[in-house]
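Pasting the structures here.
There are two complexes below, and they share subunit A, which is joined by subunit B in the first and by subunit C in the second.
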Partner chain A sequence: MGPTDRSREAKALRRGAGSGSSRRAFLLATAALLVTGKGVSARVVTKVLPWRPNEAYPVTPVVPGGYLFFTANEAAVVEAFAERLIPADELGPGARQAGVTTFIDRQLTGPYGGHDWLYMEGPFAQNPLPTQGLQSELTPRQQYRNGIAALEAYCKSSFSRSFTELDAGEQDKLIAGLEKGEVQLPNFSGKMLFTAIHTNTVEGFFADPIYGGNRDMVGWKLVGFPGTRYDFRDVIDRPNQAYTLPPVSMQGRPAWGER
Partner chain B sequence: MSTITTRLRHLILLLPLLVAGGAAAGPDNHVDIARGKALVIAGDCIACHTAPRGERFAGGLALQTPFGQIMAPNITPDNTTGIGSWSADDFARAMQEGRRPDGAYLYPAFPYPYYTKVARGDLDAIYAYLRTLQPVENRVDRDTLPFPFNIRLLMKGWNTLFFTPGPFKPDSARSAEFNRGAYLVEGLGHCGACHTPFNSFGASRNDKYLEGNQIDNWTAPNITNDARAGLGKWSADDIVQYLKTGQNGFSLASGPMKDVVENSTSKMPASDLKAIAVYLKERGAAGPPASTPLLASDPRMQAGEAIFVDTCAACHMRSGDGVAHLFPKLAGSAVATQQDPATLVRIIVAGGRAAATDGAPTSPAMPSLGYRLTDSQVADVVTYVRNSWGNAAAPVTEETVKALRARVTGAAAGD
Partner chain C sequence: MVRRLPRKDVVIVGLGWTGSIVAYELARLGLDVVALERGPWRDTASDFNIGTAPDELRYAVRHDIFLRPKQETLTMRNHPSQTALPIRKWGSFLPGNGVGGAGLHWNGQTWRFLPDDFRIRSHMIERYGAGIMPEGNQIQDWPVSYDELEPHYDRFEQVAGISGKAGNIKGTIQPGGNPFEGARAREYPTPPMKQGYAQSLFTKAATGMGLHPFPRPSGNISSAYTNPYGCSMAPCTYCGFCEWFGCANYSKSSPQTCVLPALVREPTFEARTDCEVTKVNLSADGKMATGVTYIDAAGEECEQPGDLVLVCAFSLFNVRLLLLSGIGKPYDPATGEGVVGRNYAYQTGSGASAFFEDAKFNPFAAAGSLGVALDDYNSDNFDHGPHGFVGGASITSAHTNGRPIRYHPVPPGTPAWGSAWKKAVKDTYQRVTYVGAQGSVMSYRNNYLDLDPTYKDPLGRPLMRMTFDYQPNEQKMANWMAERCQEIAKAMGAKTTQLNRLRVPWSVVPYQTTHNTGGAVMGSDPNTSVLNRYLQSWDVSNVFVMGASAFPQNAGYNPTGTVGALTYWSLEAIFKYLKSPGALVSR
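Take a look at the complex of A and B:
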């Protein structure tokens, strides 16, 4: 179903909200669409589940290098921000070395960046309950583009410097202010920007390296996550003993040999 | 008893038949037809004579041979495109001599070198059953081989060299059960057509009978009683269970054997399966000498172990023991250690599916891992499986995997 179908449906839904007959018409229309639409005919499966040789749905691995969505300055701001959230320290590399900025950049380029699979037509609650989920018409791409511009404008007016030129202490204080909603950015919710970068940084640090972040599985090594393993029968009966197998990603690990 | 009373009795017995006259009883060969059907199942005729998604027995399946492609013919009783115009003698001649009614030579992709052993009574029963099928009009191009193999007369020379016609001769020194098994395996079952290596003329090598072959990019393993390469570790009951359900404690049928089990052996009477098992167990053993396993320190073994632990062990277990009824045991597996590694390689690259039978309906499947592993990684993990837990077999090279991957993936691979 294309975006046009979706918005048409959404309009029909809004129109039908107050009237029983038009809601019925909408439901009938939807049913008709399901019946006549291509590729929706039910498939009967008997005896054995379908299986085809060579069937696989591989992810196209992210190739690091350059940015597809961010400008150079936006990337520098995001990288500096993320590095304060997960800094390199005695426990290991931080967000910068893990490739978190590349991860976020590629995610924003794809369907996540446009919230392609979310209902984005509104209405949006002004003071939503936490259970109401996303209540903004801004896609992640817009959140980053507008939010970083607002952050930079704020830094220019308050510090006469870019966010990237603040020292670590100043950055931490500013980030904490954004998180608590105490810093007011011009025309943009500081809390929304914080939430976006914070959420995506954590994702980029711990997602499979095939998506561009978690380089060399640094995130998994930090917390002792074994990666794409899914069978622990050999160790399940040995509690309180160290799990010694190294993490493995969707593309394997160095011991598998050159790719 | 006088002759007159005997005649009278016959007359009396005939009376009800005469009275019922016109009820169109048809030819009284029900037993023949039922027996013929069972024999057609035992011969797995449907496997070659039915095209994918085609009408049953109406032909059209392309058989890939080293000499080119041969289309299996329509054997429904259609007069123009099938064998409707054939007499029982015509049919017997095709089966026993590999000749068409007009005398033209058939190619041994049709395994007449095996069918020649089938008794005439059984051939007539098969013929009677085939006559009961719905005639299907489906013209199959029977001349697809390239020059010079399209010259059917060449088969006259081939027959002189490699074909010994004549019915099965029981061995009086052996049990009736052994002889029944031999009759089925060497004749209609044509097991050797896949499980015996070919010579360069595409003929089964009698000196290597049932010692294994590569067929359609699958390994048809050694099924002699050899302890290492063959069925030596299987009991007769294990063989029966495998043929009946598609699996036993050692192995699960996949690839072409999945079709054989599903279409043929799972539907055969237990007595025949037992006879086959007895024959295979008692016939003898032959296989290549054992090789020395690669050292665990070999770099291929080290990489292979890492890949196995990360990718395979969740189902096949770190110990290679698998899980009964679901995931084949690799430790001690004869399939894994055949000289030809095709099955092992292709199941990793393309995935595989085990037989589904009434006795074991699950049909567990192995996912395709070709997207995740490079040719050299597949080669290393196969080499590791072939040389661990007591297994020992030649290492597999990246080039072998590359060539096989090309044949089992992509458009040419089909399903």
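Take a look at the complex of A and C:
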């Protein structure tokens, strides 16, 4: 049981403190049948499905503005880096306009940023097989903090400038070197930094806008993904035809908002 | 201090497909049944509302509803000579967690294995001679035949509402169905799903090549349906959020849609969630189970006595629970002795990508089981003589989703970033499709499960260690299948095709399939199996173990249909056991 599950359980219990038939149903379904005395130790379900209206637990929408994890300089480096990975061009907006930096910042402050759900017990092997996958003890937060510092130190010593002050050609060359493992950053794996930013940039470009990236669904518009419409029976009935309706996110789409 | 709880007639470990079915069938006899589930309660209305369900990042990427490796994972290596390391983040396979288990997040492809699959060792040797058997194999016949399982396949399909087209009803071949399938008593409960543009191209091309395509059997339901348990399902809307998601439409067959609404109303049934079973407890002589010990969410240790213990966790965790409980002798590959952990197998994936000049495949209009398949190259439906391998694959044209974080295909040679990548992503999304081969994996001496000597779970118990790699037989088979897929892709009119060979060595990244089988296999010989033909432990007669852990090796299909059939087959034996307890097969 993870922290999310626990808080959800606690929330459900608090909601159960309301009045009326839903409270009664809830008690029948769960609370009356807790088997042990010490707090919420097991949820017991018997006789009725523990169903309550509107119980589905949505994610908390990201509100853009400021950074919760990144320093101003870290955010600028990530934004410049991500914009080279997915640049604004004649095909449409890039990572910057899509809000990818905000997306990554908010992801890093959550359970993903600390690898909270992963197996992080030692010993950590020095030379794992390539088939054994992730074996680093560095969390995403540490990868960004240490990796960006190493990248900036490298740029200061090689170019006497910040990464953000390199021109696009210099940035591309450096990023390609990190990707291939050819550029050696001081005390940090350049490839690990590349992989972290690349993975999270693609996520932030295509994830539901509720997470702070994919602003105005620019990633979905690029490929023609209609989002969360949840019913494509009409599409199946019209094979090999272009889909023309605009995408919809979990929070709707701009046309549904204020004018 | 251990809290000792009142005795129950039946204690079930895990509340997924198998656990919920056995719980319902036994509770309705009036038996006192408790199911212990280590994850949370999950239900459609409360957890998978349309407003929150279609969230790719949360479910498919961050794995919100899956077992968290922090709670339990495995260690892995490819060969016994290597040092296993923990799977810190799920990749190649993705075990479920919570009520519904993997039956909540699966795609819904619901197959029957072919009659030959159940006696593959005897069949192959009879037809081709012993020389065809691969080196180091431990392939063994199933202790049950297709004909014996047929009524139980039928029962599971009726409960799950499976959509499909029969190919063989009581020996008469049916047009539009799979002519290779074993004889079935009747049609599927619901008609086949609609198919997309790619599937129409595939059907035409394959038919032109003399092959036999048919709509694959689907646990995404084509029309409204009420099952024998009185549970109702609604038609699939082709939303493209099946695999790794809960279905908000009540369209995907799952314990939630097909069993739980009936089960929870049984007055003698109780589910306890957030309770992790740590051990099946045994009598002093080790011959009977006395119940189980579990740890609840508050960390309190509880002892739940019970007369019958049904181990219904995911296949891998069934095996670990047996190892931790000391039920059955652990397998040792060095001597070949022991049985628990023996014959772990998996699934191959290979095929071809087909890039069209101009097409609108609309990959987002999809479902987990949408697809047209053919079995001409599965099992022994073709002459293996010239090829020198054992096994086969189902070949399929399918789109299960177009969710763009994970699905943004590009042609080979495309850079991974920059404007060239962006252009390729935009240009390719609509005009690529696939022909895939999902193949069998045989059992081998060095592919097995045991307890890891180093790494532990948060309760201090050893993690299970997986030693696995694709053997030359599987590589040969899967790569031959990829070529067959490429032929079909070309015949479909693809401008260019890419051959997707089996990835070797087996790696925990990327995602491949959660079809982990074996480790607690059923058999006729206690020296090479953990369970008898009724899924009853040879050693502890009041323990039955459900699930794909019982497969002696894996066939070229998704496992759930056979898992369901085995569950009903075993239940029939459990009914007999209840009247006269003891070993159903003598050693």
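Basically, the second predicted complex is superposed on the first by the 204 of 259 C-alpha atoms of A that agree within 3 Å, B and C clash if a C-alpha of one lies under 4 Å from a C-alpha of the other, contacts with A are read in each partner's own complex, and residues count from 1 in each chain.
Note that in this section a residue touches a chain if its C-beta (ideal position, glycine included) is under 8 Å from a C-beta of that chain, and two chains touch if they have at least 3 such contacts.
Values in this document were obtained by computation on a predicted structure and should not be read as measured data.
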item: Which superposed partner A:A56 touches (first subunit B, second subunit C, both, neither); value: both
item: Subunit B versus subunit C as contact partner of A:G257, first or second or both or neither; value: first
item: Partner chain(s) touched by A:Y230 [first = subunit B, second = subunit C, both, neither]; value: both
item: First, second, both or neither for A:P239, with subunit B first and subunit C second; value: second
item: A:F159 touches, of subunit B and subunit C: first, second, both or neither?; value: neither
item: First (subunit B), second (subunit C), both or neither touched by A:P130; value: second
item: Touching partner for A:V48 - first (subunit B), second (subunit C), both, neither; value: both
item: Partner chain in contact with A:Y112 - subunit B first, subunit C second, else both or neither; value: second
item: Superposition-derived comparison: subunit B or subunit C, residues of subunit A touched; value: C
item: On subunit A, positions contacted by subunit B and by subunit C; value: 47-49, 51-53, 55-56, 58, 228-231, 233, 250
item: Subunit A to subunit C touching residues, read off their complex; value: 1-2, 4-6, 8-9, 33, 35-36, 38-53, 55-59, 84-87, 89, 91, 94, 111-112, 115-121, 123, 125, 128-135, 172, 175, 179, 198, 202-203, 206-208, 210-211, 219-220, 222-233, 235-237, 239-243, 250
item: Residue ranges of subunit C in contact with subunit A within the complex; value: 3, 5, 39-41, 43, 45-58, 61-64, 68-71, 73, 76-78, 82-83, 85-89, 91, 194-197, 200, 237-241, 248-249, 260-261, 264-265, 267, 269-275, 296-298, 300, 302, 359-362, 364-366, 402-405, 408, 416-419, 421-423, 425-426, 429-430, 454-456, 505-509
item: Residue ranges of subunit B touching subunit A (in the complex, touch as defined); value: 302-303, 306-307, 309-310, 313-315, 317-318, 349-353, 356, 361, 363, 365, 367-374, 376-377, 380, 408-409, 413, 415
item: For the subunit A and subunit B complex, residues of the former touching the latter; value: 47-49, 51-56, 58, 228-231, 233-234, 245, 248, 250-253, 255-259
